[in-house]
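Heads up, the next two complexes both have chain A, just with different partners, chain B and then chain C.
Right after this comes the complex of A and B.
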């Protein structure tokens, strides 16, 4: 269980995370949603101990340190690989640092995405880089896989294929925390949605509860965020009004 | 070529191997090209001098130390300077974040960031030692070539020994009994190795690692100095010590929490 208790994070005087309390049991696929600047990436970086925060984050009861960080993997649209190295060089390196690294999964996913094994990653296209980033996160042998906008830059067919593969390969004890803006695309694969707004959790609901309520995920998010559906028409009217003056 | 096998459960070795994979080939190529260029420059200077001597022996023959200050020798030393800059650049770009944030992966390894810095510094020390060895061996080879091919009246039993006292360049490279220059070179070597490893640490935190630049300039400008120039030695030692202290402070003692505030104060 990955547990966050009263986590707060400040950048200077700006509060980025506000009293976040969240539990992620094993075997869940959780969608993390929110506007740009809501704190999704900051939340993930706090879990990974990439920066300081107040509050408590524990992994199976222990604080996250060098001893248990291998239980968490991270895929980010910023990419965290070494651009000058090839995919196979990454595999060799990861095997040394992440003892549960799954070579079988690595080979299967590399073949599935038809990625080159021996060329430096800097020569990959943006979509291929994203794919490789996700592959490394999935192959690390982590129990908790954090993905931050992993498919930014990939085409829709590619993404659909990937969702299918994801559902097919995830083990029952693997937890996926997926931060994305592609709400409708992932609504079928997630089992729970967590909504962040201005650093606070404003919604946390399972897909079963959503189904029972008869709402779609998008409806729920819009409702929780108090989305004003007339904001575009009002803005356009305002602009037209300015033009006519 | 780059395949380096290692024992399992040797995370520091795997980091060293990763560092070597990213730069060793390029470093060797730079060393090879610049050494060949310098050897050719010395050879041409020597051949020209020998041809001139054979044409009119009364003009005399170039002495060994002048070989290093002639136009060919100056060209060779400038190639050495470029070689140092290129090698420093290659060392500094390891683990820099260009197009990807490899720092995220480095922070999740079994080795701490300080451990990675130490591995990088050790690797840089080996490379700078290689650079120094190549420079020294080439200079020694040039001297031996001179002893074998120069007219007999210009070669004596003390020629080689004296050359390392008369030539500022050779003396700076191999100071013999001049302890101050040995100490200067030692501190410069240590400072360069640490600064090359510190550069990516700073770059990943969006700081500029100016130490390596300062040390390279210091090496290019002050390495070759008049024999007995104590002020030069102390100035270089002082500069090196400042850079060593800065590197160690930044990596081992600085509280990087304040850096987060410079992430733009922006919630991501």
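Right after this comes the complex of A and C.
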């Protein structure tokens, strides 16, 4: 289980994460939602110890150190591969450093997405780069897979493929924390939704509980964020009012 | 035809490169800069030869009758260290300057993509510092070895080419004073 207890993160005087307490048991697919700047990326980077924070984050009961960091993988829209290396060179690099790297999964996913094995990744399209980023996160052999906006820049067909692949290949003990703005698209693949607002968790619900309540994920998110559906018409009215004066 | 096994296989070279620089980074421009630095340091080292030749020529005088160059009476060669002076300064300076490659290597993990995220996630905690530091350390060691080599060669020139009568002290006292 990945556990966060009272995690706080400040950037200067600005509080980016506020008292985050969250548990991610094995085998869950969790959607992490929130507006831009809500703290989704900061939360993931705190888990990976990419920056300092206060509070406690444990992985299967132990603090996250170099001894267990290989249990976590990370795919980011910023991309974390080596752009001058080919896909196969990445495979060799990962095999050398991550003992549980799954070559079988790598070959299958490379074939599925029809990606080139021997050309440097900088020559890939944005969509292909995203695909490769996700492939490496899925093949590392990690128990906890963090994905931060992995589909940014992919067309809808590509994304559909992603979702099918994710559902098809994840093992029952693999946990996926998926941060995205594509709420409706992922609502069918996640089992739980965590909502962040201004660095705080404002909602945490299973899709089962949502179904029982008869709400859609989008309804739940809008409600939790106190989204004012009339704000667009109000803004337009205000603008028109200004124009007529 | 007999095939000789190469000293370093491609696989070994790739493996070594993995310790010297970030994955996918070409070392050719840095190696070129370093080679230029070594060349410049060697050129600067020639100032020793110029000083030595000047001092060596001063040991002799030309006989006005026979027109033959003969050793002057009581001529003494200046001590080695005064002639050598700072002739190895180029190598010593280079051994320090090569550490500018360290931030250059580190910044490579932030170029185009954030491969630093993968490096920070590796179970091998030493690979990131190794890839940032080792090329500079290797260059610094080569520079210092070159400095030691030019010191030795310069001294051997001094010791072997100077007439025995003009040497003012023993081998080691000349070298280490």
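What we mean here is this: the second predicted complex is superposed on the first by the 245 of 245 C-alpha atoms of A that agree within 3 Å, B and C clash if a C-alpha of one lies under 4 Å from a C-alpha of the other, contacts with A are read in each partner's own complex, and residues count from 1 in each chain.
The criterion applied here is as follows: a contact is a pair of C-beta atoms (placed from the backbone, for glycine too) under 8 Å apart; a residue touches a chain by one contact, two chains touch by 3 or more.
Everything numeric in this text was worked out from a predicted model, so none of it was measured.
Student: So, on chain A, is it clash or fit between chain B and chain C?
Tutor: Partners clash after overlay.
Student: More chain A residues touched by chain B or by chain C?
Tutor: B
Student: Using the touch definition from the top, say if A:199 reaches chain B (first), chain C (second), both or neither.
Tutor: A:199: touches chain B, not chain C.
Student: Pick one for A:41: touches chain B only (first), chain C only (second), both, or neither.
Tutor: Touch status of A:41: first partner only.
Student: Scan A:220 for contacts with chain B and chain C and give back first, second, both or neither.
Tutor: A:220: touches no partner chain.
Student: After the superposition on A, what does A:14 contact: first (chain B), second (chain C), both or neither?
Tutor: A:14 contacts chain B only, not chain C.
Student: According to the stated criteria, A:53 is in contact with first (chain B), second (chain C), both, or neither; which is it?
Tutor: In the superposed model, A:53 contacts neither chain B nor chain C.
Student: Quick check on the output: what are the common chain A residues between the chain B footprint and the chain C footprint?
Tutor: Shared contact residues on chain A (touching chain B in one complex, chain C in the other): 48-50, 66, 69-70, 72-74, 76, 78-85, 89, 93, 97, 122.
Student: Using the touch rule from the top, collect the residues of chain C that touch chain A in their complex.
Tutor: Going by the criterion above, the answer is residues 22-26, 111-118, 120-125, 127.
Student: Which bits of chain A are touching chain C when the two form their complex?
Tutor: Residues in contact with chain C: 48-50, 66-67, 69-70, 72-74, 76, 78-85, 89, 93, 97-98, 120, 122.
Student: Spell out the residues on chain B that touch chain A in their complex, using ranges where they run on.
Tutor: Interface residues on chain B, with respect to chain A: 6, 8-11, 14, 17-18, 21-22, 95, 98-105, 107-112, 257, 260-261, 263-268.
Student: Across the complex, what residues on chain A touch chain B?
Tutor: Those in contact with chain B are residues 11-14, 16, 37-42, 45, 48-52, 66, 69-70, 72-74, 76, 78-85, 89, 92-93, 96-97, 121-122, 129, 199.
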